[in-house]
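The next part holds the structures, each set out as structure tokens.
Shared between the two complexes below is chain A, which pairs with chain B and chain C, respectively.
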Partner chain A sequence: MSATRRPAATARRRRRGVERKPLFAFACTAVFFFLLYLPIGAVALFSFNGQKSLVVMKGFSLRWYRAFFHDQQLLASLRMSLEVSTLATACALVIGVGLALGLVRSRGRVGSYAAFIMLVPLITPEIVTGVGSLTLFKGIGMTLGFGTVTLAEVTFSISYVTVILRSRVAALNPETEEAALDLGATRWQALRLVTLPALLPAIISAGVLVFAMIFDDFVLAFFTTGVSPEPLAVNIYSQIRLGVQPTINAVGTLMLLGSLALIALAIVVPRLFGRTGGLEILTGD
Partner chain B sequence: MIGGFADPTEGSILLAGHDVTGLPPNKRDVNTVFQSYALFDHLSVADNIAFGLKRRRVEKQELRRRVAEALELVQLAHLATRKPRTLSGGQRQRVALARALVNRPAVLLLDEPLGALDLKLRRQMQIELKQIQREVGITFVFVTHDQDEALTMSDRLAVMNGGVIEHCGTPEDVYERPATRFVASFIGTSNLMPGVYRNGSVVLESGQAVPVGRRAGLAEGAEVSLSIRPEKIWLSELTPGMARATGVLRDTVYCGATTTYLVELAAGTTLAVLEQNTARSRMEDRWSNGQQVELGWLPEHSLVLG
Partner chain C sequence: MSVFFIASLLLVAALSFGTTNDLGNAYFGHSLANIEALADPAYRTVLLRSLAYAVLTSAICLVIAYPVSYAIALHSGRYKNALIAMVVVPFFANYLVRMYGWSTILSDQGPVLSLLYRLGVPRSFHIVNTGPGVVAGLVYGFAVFMVLPLYAAMERMDTSLIEAGRDLYGGPLRTFLKVTVPATRQGALAGIVLVFLPAMGDFVSAQLMGGPNQIMIGNLIQEQFYGGQNWPQGDALTMLLMAVLLIGMAGYLRRARKDEAEAVR
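Coming up: the complex of A and B.
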């Protein structure tokens, strides 16, 4: 009897030592996630409310989704937001990737100063950038609207793309590009056929992040947009001032689904090309 | 500089008689096996190898044939569709080799290609590389910091120091008759003893005169170094024609096939002596540390270096 109990006792002791599960840490994490996702869950739940109330859940219906798809103004806003996000993300990626390559490879002072200036937009309060953009656009006589919002969002996003891409560019093996040149590729071919494919996962991550940031950006959009159509975030804000419509819950839930789809895409697409990850940077790997 | 990634500050580079000094890497008939292999991770093994041919717009059938040939040459045909990341170090090394060789360059540059491999694999790859070189008949320029590797791999060997070629010749020539003190100490081990050349002998700092025979081109009283390879010094069976010295055995280092003895000469200079542990020599009574021993070497094995 004692012979069979001894291993169990050792196992218990070991469990109490190093291998014990950190229950308190698990509990903290659980509470954190609960609080983090509670409001989002509430939005999703109330989007199916049969009533107009934002507090009491009564019955299940898709009426708020129907209302959204019949609200021409909201739909126009959604389309504008999607268009602005797509165009601005594309521009920011092109400029940001170029900047990252340039910053990593330039030696000497210009590079390090430029790298510092890159970081300024990240720490500048967005409202300052917003007011500044408005003043600039007005000053040079531009009409506020699609163009001005896109320009402002591009300016704001370049830094993020560059910061994400820069570490990846620095981690590239410089011999890989040399190998391409050695094998007869021109500089442009080496960039297109070797360097950019190697950066693709990071470019996708940066694209997803920046697209999401631009899509739900309010401050810059608010300052630089025209009257009609307004970007979705601005539109929702102005609706709230007139009294909260449950339609907004439906919009929010749809946006959430859209984001999830986007993230899934960012994970799946690189895998299809035989590479793992794509979101390593977002998940901190 | 051979590859075209750095420009020489002076002089020019001739490749098969043509000056290629100013040409960029992609215009040179040189391909390189990089130290880190520098494979393209997003392409399959076959696409890696095809990269150079595609840049030169080699026709599709020809391209497929040559890629298959190259894969065969490095024995990787079964891994053609794999991604480089899933391969072992030795396999990646072979992909890098095939990727460069498939273009049939005038010169293949290998920049410390075996540096990242462990010792056993390294020995194996050395032999394989030599075989492949004979098979394809392309000039290999092989850069290495491993002196043994340099001796085993090369037909012609150049020892460089501070950007200058100090000695260029066959491995035997470089080892047996090194041109400078640096070469003598860099390739293999040498016993270097400073002294002064006088009348057919080198007078060591201890005052002992070691006969080296008449050497043309050496001025009387010139400061020289006397160099003797450890394996050229005998501890027993000395013959009458040998130069001799006595010393005290200070240390014995047993290395399996060989034993190294450190013998301190009277003056405080220490010589390394390498003996094969053959059946015969192990049978004899070995010397113990602190014992007085007599050394000898043939005069033609002592080198006088300026």
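Coming up: the complex of A and C.
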């Protein structure tokens, strides 16, 4: 009896050996996720703390949220960040869409140089871009403030828009646009009525992502902003340098919720247009 | 449309060169004093420290990211997309807020050290305000940049190679080291670059997790602009940082091209 079973058992064991789940890797992944979310969870948890402490949780309270909504300086920062992000996103989208269309369609030396220049801001550390922008703005005599922050954020985000949209533009079927032209549309009409609607889901996703990035950006804003009001991230930075500030927990939690809502939007919108996916924005395919 | 393209291209070209390369423009009239000042031993110490921290950060991220991306890419089945989305989501939480949360957790009164003290670790042990603390901050900040390219490489990898390794009686660890790691080297290289670049320029981690004795080149640059008000010196330091990074990038590109040439052959 046992003699007949043994070969099967060995085979099964061997097969399991090949497919065996890598427990060590799973454990590492679990710890990784735990540590990745721990600080964020802590910030969210302590934003409801009844006390000023950042280590002892005592009682549930919304006082830090109330404090935030009564802090005129923080509110002014929030408004500035929203305005900068909106304006910069709009500019970056217009330029980025144009660039993506142009880059894909101009094969040749200009196109490849341009593609290279596009990548430069992506691989430059932000502090270098920040210092460069500051030096440039000051060099040409601009006053630091809303305008300089917006300009710096636009230059930084154009590359992201273009990189995200390029693959979509490349995937477009050029024949649809040619068909429009054959049917008597002008170039502008073909762009407006055929090409842009096809790109719309990708444009919206790119816009949402870039908006979130600009809103959260700290380094560029830090170097290019004036004194008052400061963008929200810069304001947070000055506050955490001073020490325990539970209001920041509340602000951070609200910002996190905002970002999550935006990501959800970036994923959902392309699906509304009947495309599967959308998640590739996160996974980078 | 092409007019629009060229106009926007010129704008980007002007702006990106303005923001990355034309740093010294406003100061062309100055002497080389600022460049010479870079030879100052104090600066050299900070530069070497930044390099050491950034290299260490990349190494630690690599060690963490290998098992994580291996588990997600090859063994997570239908949860794969959800898991990789979970890796990316914290990246969209504000960097400052994340670092702030991390520094509270690792602080002397935080949960990690409280537990360690209770377990008998001497009270003189600290994380915040030490060099390892700064590295811990950098690792936390940028580990995601290592996981993503490694994950992509693992996913593209031919898994029958792993099976072949096992069939040839390689143990799990041996197969991993001799088959999986070489097959995903390009992803690892890309990850190292993606972690090293921001880690080298970071000044938030050194500020929140370190003290005055752990400052990095980013802190020096920031000080020149906001404390010392010595802009040309700050620009010179930025150029120095950029030079170091360009050397690193050149090394990476050469390596990547060599890999590509080998792959073709």
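Quick notes
As a working rule, the second predicted complex is superposed on the first by the 236 of 285 C-alpha atoms of A that agree within 3 Å, B and C clash if a C-alpha of one lies under 4 Å from a C-alpha of the other, contacts with A are read in each partner's own complex, and residues count from 1 in each chain.
One rule holds in what follows: contacts are C-beta pairs under 8 Å (C-beta built on N, C-alpha and C of every residue); 3 or more make two chains touch, one makes a residue touch a chain.
As the structure is a prediction and not an experimental result, all values here were calculated from the model.
For the composite obtained by superposing both complexes on chain A, the positions of chain B and chain C are free of clash and fit together.
Once the two complexes are laid over each other on the shared chain, residue contacts for A:S259 go to chain C alone; chain B is not touched. Within the superposed three-chain model, A:A198 lies in touch with chain B and out of touch with chain C [touch as defined at top]. Of the two partner chains, chain C is the only one touched by A:E126; chain B is not.
A count of residues in chain A touched by chain B and by chain C gives the higher number to C. By the touch criterion stated above, A:D182 is placed in contact with chain B alone, chain C being left untouched.
When the two structures are aligned on the shared chain, A:N173 is found in touch with chain B, with no touch to chain C. Once chain A of one complex is fitted onto chain A of the other, the partner contacts of A:V227 are absent, as it touches neither chain B nor chain C.
After the two structures are overlaid on chain A, the closest C-alpha atoms of chain B and chain C sit 16 Å apart. Within the complex formed with chain A, the residues of chain C that make contact are 1-2, 4-6, 8-9, 11-13, 15-26, 64, 67-68, 70-72, 75, 81, 83-90, 92-102, 104-105, 107, 109-111, 114, 140, 143-144, 148, 152, 163, 166, 172, 193, 197-198, 200-204, 207-208, 218, 221-222, 225, 231, 234-235, 238, 241-242, 245, 249. Residue ranges of chain A in contact with chain B, taken from their complex: 173, 175-176, 178-186, 189, 193-194, 197-198, 200, 273-275. Against chain C, in their complex, chain A makes its touches with residues 17-18, 20-22, 24-26, 28-29, 32-33, 35-40, 42-43, 46, 54-55, 95, 98-99, 101-103, 106, 114, 117-118, 120-121, 123-129, 131-136, 138-139, 151-152, 155, 158, 187-188, 191, 212, 216, 218, 223, 233, 236-237, 240-241, 248, 251-252, 255-256, 259-260, 262-263, 279, 282-285.
Against chain A, in their complex, chain B makes its touches with residues 3-5, 24-26, 30-32, 34-36, 38-42, 51-52, 55-56, 83, 99-100, 103.
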